[in-house]
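Okay, so subunit A shows up in both of these, paired with subunit B first and subunit C after.
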Partner chain A sequence: MALLLSVLEQGMIYGILALGVYITYKILDFPDLTVDGSFPFGAALTVRLITMGMPPIVTLPAAFLGGALVGVCTGVIHVKMKVRDLLSGIIMMTGLYTVNLWVAGTGYVAIFNRETIFDNDAVNAFFPGAAGRLKTAVIILLITLGVKYLLDWYMGTKSGFLLRAVGDNDTIVTSLGVDKGLVKIVGLSIANGLVSLSGCIYAQQQRSFEISIGTGAVVIGLASVIMGTSLFKRVTLLRVTSSVVLGSVLYKGCVALAMFAGIDANAIKLITSVLFLVILVVSMDRRKGSLSQRRQHIT
Partner chain B sequence: MRGNEGHMLELKGIWKNYNPGSVNELCLFRDFGLTVQDGEFVAVVGSNGSGKTSMLNIICGSIEVDRGQILVGGTDIVRQKDFLRQRRIGRVYQDPSRGTCPGMTILENMSIADNKGKPYNLGRGVNKAKAEHYRELLRPLNLNLEEKMDFKVGSLSGGQRQALALLMATMTPIDFLILDEHTAALDPKTAETIMELTDRVVREKKVTTIMVTHNLRHAVEYGNRLVMMHEGKVILDKAGEEKARLKTEEIMGIFNRISVECGN
Partner chain C sequence: MKKKSLAAIMAMVLCTAILAGCGDGGKDGITVGISQFAVHGSLDNCREGFLAGLAEEGFVEGENLTVEYVNAQADTGTSAMTADNFVSKKVDMICAIATPTAMTAYNSTMNTEIPVIYTAVSDPVEAGLANADGTPVGNITGTSDALAVEAQLQMIREILPDAKKIGIIYTTSEANSISTVASYEEASPKYGFEIVTTGVTAMSEVPLAAADMATKVDCITNLTDNTVVSALQSVLEEANKANIPVFGSEVEQVRAGCVASMGLEYYELGRQTGKMAAMVLRGDAKASEMKFEVISEPSLYVNYAAAEKIGLELPAHYAEDAYQSFDEILVH
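Showing the complex of A and B:
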């Protein structure tokens, strides 16, 4: 039960990260490695704000905005300075490592005795007694659903249409009289805002910040996106954003299963990458494959 | 012909060098000039490498020039960014996939095109009230697209997509329509259909049009001016009555002659 709850909680937290990765990888066709830095950035910002005594609810918008700013930086490096997409992400990811240490103060910060979005007077009064075990999962569910519906709504706006268009065929964005570089920057900023928000919730669920949580974050996100979108491709009732969140929960389930089977905890990153490779091979969503599909589209 | 009013387009003293300073240096345009009057429908022909598509790219801002002026109604736009210029330009490409979004539906594609010139804000992307109006626009195409409003454009044929692209490029008020070999990737029958559609749209909208084509018959049959380009120069320019008297064979003859002179 505790294991299942933990899988659900972490799966949904990483589901928000996966929604961000979905925007960059699937919509913008931009493999954004900034994620490895923006996820712990959200966590670092959160522990800093909480140790400063800020009300925990403030950390959510703060982390989103902070992450959005990080995304703008990646976008400006790529669009304005014309640095290749992968390199822009690597530059940001590497630089953020130091920024995250500055923001958090050190590489490990615990917030055990502080109020969080899961543990404060209002929440505790709402979940008395035994229900308290479920409060974290319920709150995460509410936030994740809220983010999902907001993203669905945004994708249906004119601005969201441009975002979809720029990944689909950026020539048409120019034809519409819009600066396609600006649209990419907006997309990267929303994506990294979500990733940072995910880091914010993760830090409060774990009640700590650790500098190494960023390592492999982008891989977890990509694995969730690819797993979710390919597994639930044919479920027409399910929106793609829901598939992505479900993919993340499933992915966390797979990792938990491996740990449950007795694999050494130190092997977690290796499991992460091998699992990702397996998902790529099984779903055929490898770079070459998807490109040739796109060519077939044209002819 | 009308004078210097409206949206007359003038290319003046255009210089364009490709790969300057390298062994592959190629000077395409040396002091190139062309004036297109308001309301003209110009067909541009010429062999590969004659500079036709480069000229369109220069007008649209897709490539920068080394020197020269691009005047629209007397205002120089040569320093203006491509996306700003294209607010007043509709463009259809040779590749049908460049004028539409394959991952979006017909309705979504038309909605996004209909919003050109207005802000792309947080308003609803699809205006349901206008769906019927879009169907009305599609009906005359006789491609049955009005029944497929919720189909992804990527699932349509090249001809259907090109018809949609042409419609999308001309939905909002524009000063120029730029057609870049827009029938070249289509089968002969579809090419004829698209060409007839083009002619109808140009007449209805009375929009100044520049059409690059490899189809000499299309160049002779459609439009009211024919320009032949060769090695970055205009070598033939017929308008009005003179153009109307042109025969495809005549153009073909000139075309073959310059090709022979070039040794190919």
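Showing the complex of A and C:
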């Protein structure tokens, strides 16, 4: 039961990260490695604000805005200074390591006895007694759903259309008289804002910050995006944003399953990569069909 | 079609692997879940000591004790899930080895009855696991591996009567290291030393930092810094070139070529932890009421081969006083 909750909680937290990765990787076609830095950045900012005594609810918008600023920096390095996409992410990721240490103060910060979005008087009053075990999962579910619907809504606005167009066919964007560089910067800032928000929630769920939590974040994000979009491609009821979040829950589920079954922890990475391969191979088989199906995952 | 059958085969292999892992032992007796943060000589010694300590108190693995051991491979996500997994399996106790796993184990067990016993946590107060007076913040207690800074300085003074500067290389992200550097800086004037520090952020920076350090100081002393210890051989190489000694912080480092150390025996630390765990398992004491413990007396370790390599003479009485001495350098 606790493990199942843990999978749901972690899966949905990383689902928000995966939504960010989805914007850069699938929509903008931009392999953004900033993620490994912006995820702990959100966490660092959060523990800093909480230890300063700020009300926990403030950390959510603060982390999003902080992450958005980080995304703008990556965008400016790429678009204005004409550094290649992969490199601009690496530069930001490396620099953020130091920034994160500055922001958090040290490499480890514990916030066990502080109020968090999951543990404060208002929330505790709302979930009395035995329901308390579910409160973290419920709150995360609400936040993740909120983020998903906001993103769905945004994709339908003019700005969202332009974002999708830049990744697909940027000549169209230019012919509309819009600066495609600017659109990319906006996309990167939203993406990293989401990643940072995910780090913010993670730090509060774990009640601690650790400098290395960002290592491999981009891989988890990519795996979730690819698992989600390939497995649920046929399920027309699901929007792609939901598939991405489900992909993330599934990813964490696989790790937990392997662990629960008592498989040597050393082997878990190999098992996940085999599983990953299986899913890719199976979904490729289906894709052979028509071109229209192929396009489905973009729109 | 080929691809599909290939995928099917891979899926089957995976399922078999999962099932093969399933058949764990009976449910009677006591189950302890050990969550260790990384594969690391000292931490492994700690775990062995812990099991030995439990065995001495009558909890023998395989007889009346089932042990589930998970190593998080230095991944905090995995360590969080390990702790949740132990909670859902309703183990009788979680033993957390190293600070990050202790923190995640405490987080996961907060609303349960499962006690957590930690070990190899340098600063339980800083990590939020204990109050300033050593009492636990929850149903969690254990042992700390804080370094015996004063004893180490005293030993260095005895070996090198004319030395002035001690170099320390540490990782800026490791909280343990930062607090130990601070205690070195505080204690050093008493012994007439000046501490020179260099911070690094990754293993790849250690050789450069060591080369630079070796030209500036009279000797180098190590912390239990995970990154620097992993790159110990490059530190030793640079120090040997400059003909200055390197002092270790625990036995494994002395075995691998440090001259001497007033350090912790992690096996002993683990044993002490195992005895604490036994008290909790028997119901003699509650984890929530026990203060965390430290090893009171550090032990002296010397490596004569390492001293000879740089032409250093160790005090004669070390032959008797050393808890353990080595005549060769063992690099593994």
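Worth pointing out:
The rule we apply is simple: the second predicted complex is superposed on the first by the 262 of 299 C-alpha atoms of A that agree within 3 Å, B and C clash if a C-alpha of one lies under 4 Å from a C-alpha of the other, contacts with A are read in each partner's own complex, and residues count from 1 in each chain.
As a working rule, a residue touches a chain if its C-beta (ideal position, glycine included) is under 8 Å from a C-beta of that chain, and two chains touch if they have at least 3 such contacts.
Because the structure is a prediction, the values reported are computed rather than measured.
Ranking subunit B and subunit C by residues of subunit A touched puts C first.
Once the two complexes are laid over each other on the shared chain, residue contacts for A:A165 go to subunit B alone; subunit C is not touched. In the superposition on chain A, A:L231 contacts neither subunit B nor subunit C. Contacts of A:S175 after superposition: subunit B is touched, whereas subunit C is not reached. When the two complexes are overlaid on their common chain A, residue A:V99 makes contact with neither subunit B nor subunit C.
By the document's definition of touching, of the two partners only subunit C reaches A:G132; subunit B does not.
Look at A:A261: by the touch rule set out above, it reaches subunit C but stays clear of subunit B. Look at A:I90: by the touch rule set out above, it reaches neither subunit B nor subunit C. When the shared chain is aligned, subunit C comes close enough to touch A:L4, but subunit B does not. Every residue of subunit A that touches subunit C in the complex is listed here, in rising order: 1-7, 10, 97-98, 101, 106-108, 110-113, 132-133, 206-208, 210-213, 215-216, 220, 252, 255-269, 271, 274-275, 277-278, 281-282, 284-285.
Against subunit A, in their complex, subunit B makes its touches with residues 81-84, 86-87, 90-91, 93, 95, 97-104, 108, 111-113, 115-117, 119-126, 154, 169.
Note for the complex: subunit C touches subunit A at residues 3-4, 6-7, 10-11, 13-14, 17-19, 21-22, 24, 68, 70-78, 80-82, 84-85, 87-88, 99-100, 103-104, 106-108, 111-112, 126-129, 137-138, 171-175, 178, 201. Touching subunit B in their complex are the following residues of subunit A: 154, 156-162, 164-165, 167-169, 171-180, 297-298.
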